[in-house]
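Here it is, the structure, as structure tokens.
Chain nomenclature is as follows: A, B, C, D and E, assigned in order of appearance, with residue numbering initiated at 1 for each chain independently.
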């Protein structure tokens, strides 16, 4: 009696999770790139994206999650987001402006330059937050009880 | 009439809060907290209409999502005392 | 009309906080912390801070609960009984009284920033940069969300610093909690060599 | 349209309150799941439906539909998982001995009704 | 407006003091972190409630309203607190990680017991 019950237990949650997680990640992307127009932005999108992966990890186990996003990837992404943010600043210096002065990113229309700058900076924030939250989850969930 | 819905939701939140504080077993508390979460979703949705700016429904969606994740995490913890493992002991 | 709702939510928040303080079952307290975050996020929405509410909901109720549970999974689930102490209570009462005395000069809740002088009913906070930010976002950025514009552009340095803090914290957690990564990777690289 | 929306809103709020009262008054955990399920499905559904009828733009209506769909997908799932976990953990079916004897006397045949239910994988408490 | 106009600050301060009490009066380190979370939320609430303008709306400009005069709540506290929340969770995670390490080293997360272990070893 015990075994089939466990099987069924697995099924309901897994099916629902499989249905939900793609939409959660899609929603995270929406929040990320729609942040200029509605509530949202890099911080929120990063946390939601990480929450989607954490849900996967909770339901399917940490080992499976590590196969999807390896620990090494996380470590690289934590730094990559911050570097992307800094690189936008350096790029604006290279294009003749001040640090993080996005207007120079588009020579024809400063408003577009501002939009590009915000887009990339938010993307950097989003990547760092996602990776940092996942790294923290890995660290806590992957540890055996002392 | 949004007010009536709002009052209903708030009263339900109060009842859920009492249940969460009182709940004799862990599962009663989880149940009450979960219910409280869905009521906050409704609260945000109704509050948006009440304030005349119902554009911020993304928020309500996030609440629903986060509430689900929180419930699953709490449940997994309550059952197995650990978050990361899935050693074929059955899931929740 | 939003006024009594906010006060009511504040009451809920206070009740939850008191219960968290009194509970000795840390697992239940962690759950209530998640509830506390959801409540405060609702309150933020009512105070027009939509982006803050967004973040608080995702962070406080989602990630923070998971982290608390992760910690409880690695440590004790119950708090020890301890004698009630009077000194902390006195300290808290005094600090609270001092803070409340400090609020007496604050502008009332919701007061707009009209008028030139920081008089009663005239909040100074709405005077300096905030109107410029709103105006600039409308005219220069042509973006709807003022918060994003301020976050990423006007206060871009701040946000860079905050991102660096998150980066540092993640590195710190990894250093503290992920055991022997060096040795483990050596093991992995050594494992294929062993059969040879 | 407007009056229909109001009816939905008030009915939804009523269901919410009833479910909340049930959460406090029901005798054991499994009955309480049913009470909570009422607010998650009926209450939330009716309130969101009422809001949908008053949505000023199509996008808001679509968002409400998405929220409703998500709630209806996730609420019963969480309830189901909760039910299972509690059952597997051996939460008692009846708490008050008083009520237990009353129920036993009242429905002697259906005494074992609560226990087979958790085995039924699709029986989501609502 | 029946309540005094400063009620929001007072509520926030009471909340803050509950958090402070948990931090200084409780021995359990995890509980202290929870108190810190409460304290943090109340600090954020203080700033956000300062930014609220009566009759104002969220600082997101509605479509086609670029020229009209709508009162917006102050976006500046929102921006500062937005980052504060994420930094707060990062630092909370760091604190909890330290708690886990302390538990591994001492076998307890109660402050008085940790002190007793220290004194025994000294």
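Here is the rule we go by: a contact is a pair of C-beta atoms (placed from the backbone, for glycine too) under 8 Å apart; a residue touches a chain by one contact, two chains touch by 3 or more.
Computed from a predicted structure; not experimentally measured.
The chains touching chain C as well as chain E are A, B. Shared contacts of chain A and chain C, meaning chains that touch the two of them, come down to B, E. Compared on C-beta pairs in contact, A-D and B-E come out with A-D as the pair having more. Note: the chain lying farthest from chain B is A, by mean C-alpha position. Chain A and chain E have CA centres that are 24 Å apart. Chain B and chain D, compared by their mean Cα positions, are separated by 13 Å. Each chain gets one centre point, the mean of its Cα atoms, and the points for chain B and chain C are 19 Å apart.
Each of residues 70, 74, 77, 81, 84, 88 in chain D touches at least two other chains.
Among all residues of chain A, those that touch two or more other chains are 5, 9, 13, 20, 31, 38-41, 43-44, 47-48, 51, 54, 58, 129, 132-133, 136, 139-143, 145-146. Touching of two or more other chains is recorded for residues 14, 30, 51, 55-56, 58-59, 61-62, 65-69, 72-73, 78, 81-83, 90, 92 of chain B.
Every pair of chains that touch is listed here: A-B, A-C, A-D, A-E, B-C, B-D, B-E, C-E. The touching residues of chain E, when paired with chain C in their complex, are 1, 3-11, 13-22, 24-28, 30-31, 33-35, 37-38, 41, 44-45, 48-63, 66, 71-83, 85-94, 96-101, 103, 108-110, 112-113.
Against chain A, the residues of chain B that register as touching in their complex are 55-56, 58-59, 61-62, 65-66, 68-69, 72-73, 76, 81-87, 89-92. In the complex of the two chains, the chain C residues touching chain A come out as 50-51, 53-55, 58-59, 62-63, 66-67, 70-71, 73-74, 140-145, 147-149, 151-153, 156-157, 159-160, 163-164, 166-167, 169-171, 173-174, 176-179. Listing the residues of chain A that touch chain D in their complex gives 1, 5, 8-9, 11-13, 16, 19-20. On the side of chain C, the complex with chain E involves touching residues 3, 6-7, 10, 13-14, 17-18, 20-21, 26, 29-30, 33, 36-37, 40, 43-44, 47-52, 55-56, 59-60, 63-64, 67-68, 70-72, 74-76, 79-80, 82, 85, 88-89, 91-93, 95-96, 99-100, 103-104, 106-113, 123, 125-126, 129-130, 133-134, 137-138, 142, 144-147, 150-151, 155, 158-159, 162, 165-166, 169-170, 172-173, 176-177.
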